[in-house]
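Next, two complexes with subunit A in common: one pairs it with subunit B, the other with subunit C.
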Partner chain A sequence: MKKTAIDQLHELAAHLMEKGTLIAPIKEDAGFNFREISDAKNVDLTFHNTIISPKSAFFPQMEDFVRYQTGKNVPEAMPVELNLQPTFLFGVRPCDVKSFQIMDIHFSGTGAADPYWRKRREATTILGYAFDLDAPVQAEEFYRTLGIGAADPEGSDIFMIRKGEDLLLKSITPRGEKLLAQMSPLTEASADEEKYFEDYIIRGRDFKTRFTCVDDKTVAKKLENIFHNSDFWTKVSSACLSCGVCTFVCPNCYCFDICDETLFGRGTRRRVWDACMFTDFTLEASGHNPRTQVFQRLRQKVNHKYSYHVRKYGVISCVGCGRCTRHCPVNIDIYSIVEAALKV
Partner chain B sequence: MSNINPYIPMPVEISRVIDEVDTHDIKTFRFTFLNKEDEANFKYLPGQFAELSIYGKGESPIGIASSPTEPGYVEFTVQRAGTIVPGLVTAALHDMNEGGKIGLRGPLGHSWPIEFLEKKNIVVVGGGFAFTTLRSLINYMLHKDNRKRFDEITVIYGARTPGLLLYKDELAEWEKRDDIKTVITVDKGDETWKGRQGFVPAVCKEVAPSPYNTVAVICGPPVMIKFTLPVFFELGFYKENILTSLEMRMKCGIGKCGRCNVGYKYVCSDGPVFSLAELDELPREF
Partner chain C sequence: MAISFKQIEEKLKTEAKRLLKAGTVSVVLAYGKGYDENHPMPYVAKNASDVENIVFNEFCTYNMARYLVRYPRGTKIAIAVKAADSRAVIQLVHEEKVFREDLVVMGIPVYGMKNSKTGEEIDSRTTCGLYNPVLYDMLLGEEVHGQPVVSPYDVLAPYEAMDKDERFAFWKKEFDRCIRCYACRKACPMCYCDPCFIDQNKPKWGDKSPQSSGNLMYHLTRFHHLAGRCVDCGECSRACPVNIPLYLFHKKVARECQEMFGQSAGMSIQDKPVLVNFRVDDSDKILE
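Take a look at the complex of A and B:
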């Protein structure tokens, strides 16, 4: 195990930037977000969590597939090659790390593999970062409900915990071990610090974010059973504006559109994030639209995460990060919806 | 296959266009592959679909209308879509002629379950434009190498008017054959129509196929499906032996973009072919 002083963080960041691309939290006007770092001094670990989830490191909001020229033949269109440097995703909270594992099942674990997700995942080393257990619990969060501790290292290559003015780093995977051994700005941690690290992980499992006893199969079945209870779904969605912000900040929402954008005869085919909350999400060219009503779309979103995903992939597609609740302009809270559904 | 990017279309050239109906809004496009290796990789079975891809317009998921027993090309029957919003891809395609080049991604989805259909009687029921992958299936089963794998084949196909029947030449060929029973009907005939008149559900009742060792493969507009299914239930068909194919708005076609779900199934990658028993397990959302 290694350590560094928090005020020397920029040295660690600079070291990683020499090795490749560093993506880390920085402070912006609206709050914190993960960005590709150009100045090592900008890396800022004083955040609680970012506005947008770090999924964009593997599933960017826009991913270019092909560049084409209108009027030219299809064979002349050029696929956009991904030339990825080794990438370091730094400071990811445990619930968000868990979201990558859930997304892996969808994008590369079953059916056709998504080459973009897979390549970005393969190029990236994840440095997870425990929540601050001495900070107050955030009202929106409920990762404990989903069985995720505030300091769970699983899924990270290297896991980091803050201790006073120091940052402790421990390798979790062989990939992390290799990187940690090469990280020159670090010093060896003491045996006491190792013990602190291990104790912290255990303490993290008891960090009291909102908790409801949710067995994934039970909740999936329950949601199936109340699918046609439109009174319930109308009530919980009555305030919804269909703005889609919940899906954009979500670490587990993966729906995308494929669009052609042409300007002056040149164009790009790309995928962009889409949202099941939008009216035109399911609008067909014939004019038929199976989900015209707000309650149908919110029902789709909740069912997708807590029922369909369980049936299809055996896991709930939510990590309780609380972003959707935090950023919803009308205070719709998926935790409360699931809790209410279980009581119907 | 793993090195092939599933989002990048293969280039194909239109080698033939057939104007199918008297309203001129449904055409069959025959495509040949511009790269031989793409043709070799495009191994499909009846019931599968592909994304027709036109840069600057977009992509449309369309069922494959040709049969894999016809090598060298692949055919799609495409309706010019759009009542409220024009369908960009289908409109652009309809304006293209022989020699035009577009992109193709596929084959996608699951086929009609050929092994399940083997050694059984097959009743194919089609309505209107939804006959394309059924045509693929029929031509596949009728091929000399395949015909003996299936028992009796019955085709019941209806359209609103004689002019709206697809594949008229083939229908005439099938009617001449003695190894397939072909029943063609129209809702309303015209002065030249000498065939049967009547709605598909009523004709199914009249033909009354035996449910014994028989699978019904039914595709058509919702209203036809709605009235045809009770006929087959009454005849004694189990839901496991009634197959259909679903449509939904799609983008990726490979189960990634999250758009075409009905319950926990994606129509593109889990379907589009489902048995009625499978559909019964899904929420009746639509």
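Take a look at the complex of A and C:
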């Protein structure tokens, strides 16, 4: 295990930038976000969590596939190559690390592998970062309900815990071990610090976010049973504006649209995040729209995460990070909806 | 005089219950409990037993007029409105999206409202800064007097001091942050177009991808679609997850409209909408 002083963080960041691309939290006007770092001094670990989830490191909001030119008899088209350097995703909270494993199901685990997701995943080393267990719990979060601890290292290649003015780093995977051994700005941690690290992980499992003790299959079954209870769904969605904030900040939403955007004969075919909360998400070419009502769209979102996903893949597609609740303009809380559904 | 939020809440509950029980209305648009006290939600009460969940506190910033257009004509609706919200109701009546005879307007005179996400006080910097509703059938509290009257346009000064290039650079930087979640248009009581121009495919008016060109197209068009219609409730900016100060542009256009036509959106039920009402002595400045 290694360590560094928090105020020497920029040295660690600069070291990783020499090795490749560093994606880390920085403070922006509206709050923190993961961004590709161009100045090592900008890396800032004083965040609680970011506005947009780190899924954008593997599944950016916009991904160019093909560039083309129109106007000739045969359009010219060139695929856009992904030239990836080794990438370091730095400071990811345990619940968000878990989200990558769930997203892997869709982008590489069901037979049809998405090359963009897969290549980015392969190129990326994840440096997870435990939540601060001494900070007050945030009202929106509920990752404990989904079986995730505040300091779970699983899924990270290297896991980091803050101890006072130091940052402790421990390798979790062989990949992390190799990287950690090469990181020259770090010093060896003491046996006491090793113990602190291990204890912290255990303490993290007792860190109490909102919690409902219920297994995935029971939730899924219950939601299936009340699918046609439109009174319930109308009631819980009555405030919903049907905007896309919840899905865009979500670490587990993966719906996208593919569009051709052309200007003066030059165009790009690209994939852009889409949202099941948008009216035109289900609009068919015929003009028919199977989900015209707000309650149908919110029901779809909740069911996809807590019911269909369990039935198809055996796991809830939510990690309880609380972003959707925190950023919803009208304070809709998916946890409260599921809790209410269980009581119907 | 301090605002008693609890007293307003009680009056809101009493009136909502009375109107629903008497069958005067079938829907009450008010505020309800959220996941904690600091995060109330827009709330729809449809029967007397729903009324218990109604709350009112300083975080009930929502403009409930946004929800009016969801109900078919003829639905009798009681709506709780603060000052700017009442202007939205008037504007929607002007545009014949709702009808005055279908509405019972429950006015809430209030100041010192706070953003539930940031805890910041909401005042004339981001909204029209009025304290008393412009239109109401009943007032759930005492009219507010003696509070400082601040022009909602004062906040524009530093931006108006910029030259054209600086201002363009400012807005470009702001719009570059946009993630195209469309929370602004969805929170806006005046954005009721179905479909919104930006969702149209044929013709396609702007790119879907969150880049400068499409973002600029979306926001500038939306700004202009709201010219003379925006009631300065500030909901678009409050809804924005990346803090784009959309209210600045709306305020600028609203002031131009006030200066040219002597009228602000939704200030009087007797007015005609500025873009509908032609008067011979109208300003020609717009053509210059």
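Going forward, the second predicted complex is superposed on the first by the 340 of 344 C-alpha atoms of A that agree within 3 Å, B and C clash if a C-alpha of one lies under 4 Å from a C-alpha of the other, contacts with A are read in each partner's own complex, and residues count from 1 in each chain.
Convention: a residue touches a chain if its C-beta (ideal position, glycine included) is under 8 Å from a C-beta of that chain, and two chains touch if they have at least 3 such contacts.
Note that this is a predicted model, so its numbers are computed, not measured.
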item	value
Side-by-side fit of subunit B and subunit C on subunit A, or clash	fit
Subunit B versus subunit C as contact partner of A:D192, first or second or both or neither	neither
First, second, both or neither for A:D257, with subunit B first and subunit C second	both
Partner chain(s) touched by A:K312 [first = subunit B, second = subunit C, both, neither]	first
Contacts of A:F248 with subunit B and subunit C, given as first, second, both or neither	second
Touched partner set for A:D7, first subunit B, second subunit C, both or neither	neither
Arrangement angle, subunit B at one end, subunit C at the other, subunit A at the vertex (C-alpha, nearest 10°)	90
Contacts of A:F107 with subunit B and subunit C, given as first, second, both or neither	first
Contacts of A:S238 with subunit B and subunit C, given as first, second, both or neither	second
Subunit B versus subunit C as contact partner of A:F65, first or second or both or neither	first
Shortest CA-CA distance between subunit B and subunit C [superposed frame, angstrom]	6
Footprint overlap on subunit A, comparing subunit B with subunit C	257, 259
Subunit A - residues contacting subunit C, complex	28-30, 51-52, 61-62, 139-140, 235, 238-239, 241-245, 248-249, 257, 259, 261, 263, 270, 272, 275, 278-280, 294, 325-327, 329-333, 335-336
Interface residues, subunit C side, partner subunit A - complex	32, 34-36, 39-44, 62, 66-67, 70, 116-117, 177, 179-183, 185-187, 194-195, 199, 207-211, 213-214, 235, 238-243
Subunit B-touching residues of subunit A, taken from the complex the two chains share	65-66, 68, 70, 73-75, 77, 79, 106-107, 110-115, 224, 227-228, 254-260, 262, 267, 269, 271, 274, 276, 281-287, 290-291, 296, 300, 303-304, 307-309, 311-312
Partner subunit A, residues of subunit B touching it in the complex	2, 5-9, 11-12, 34, 53, 55-60, 81-87, 90, 101-103, 247-249, 251-252, 254-259, 261, 263-265, 269, 283-286
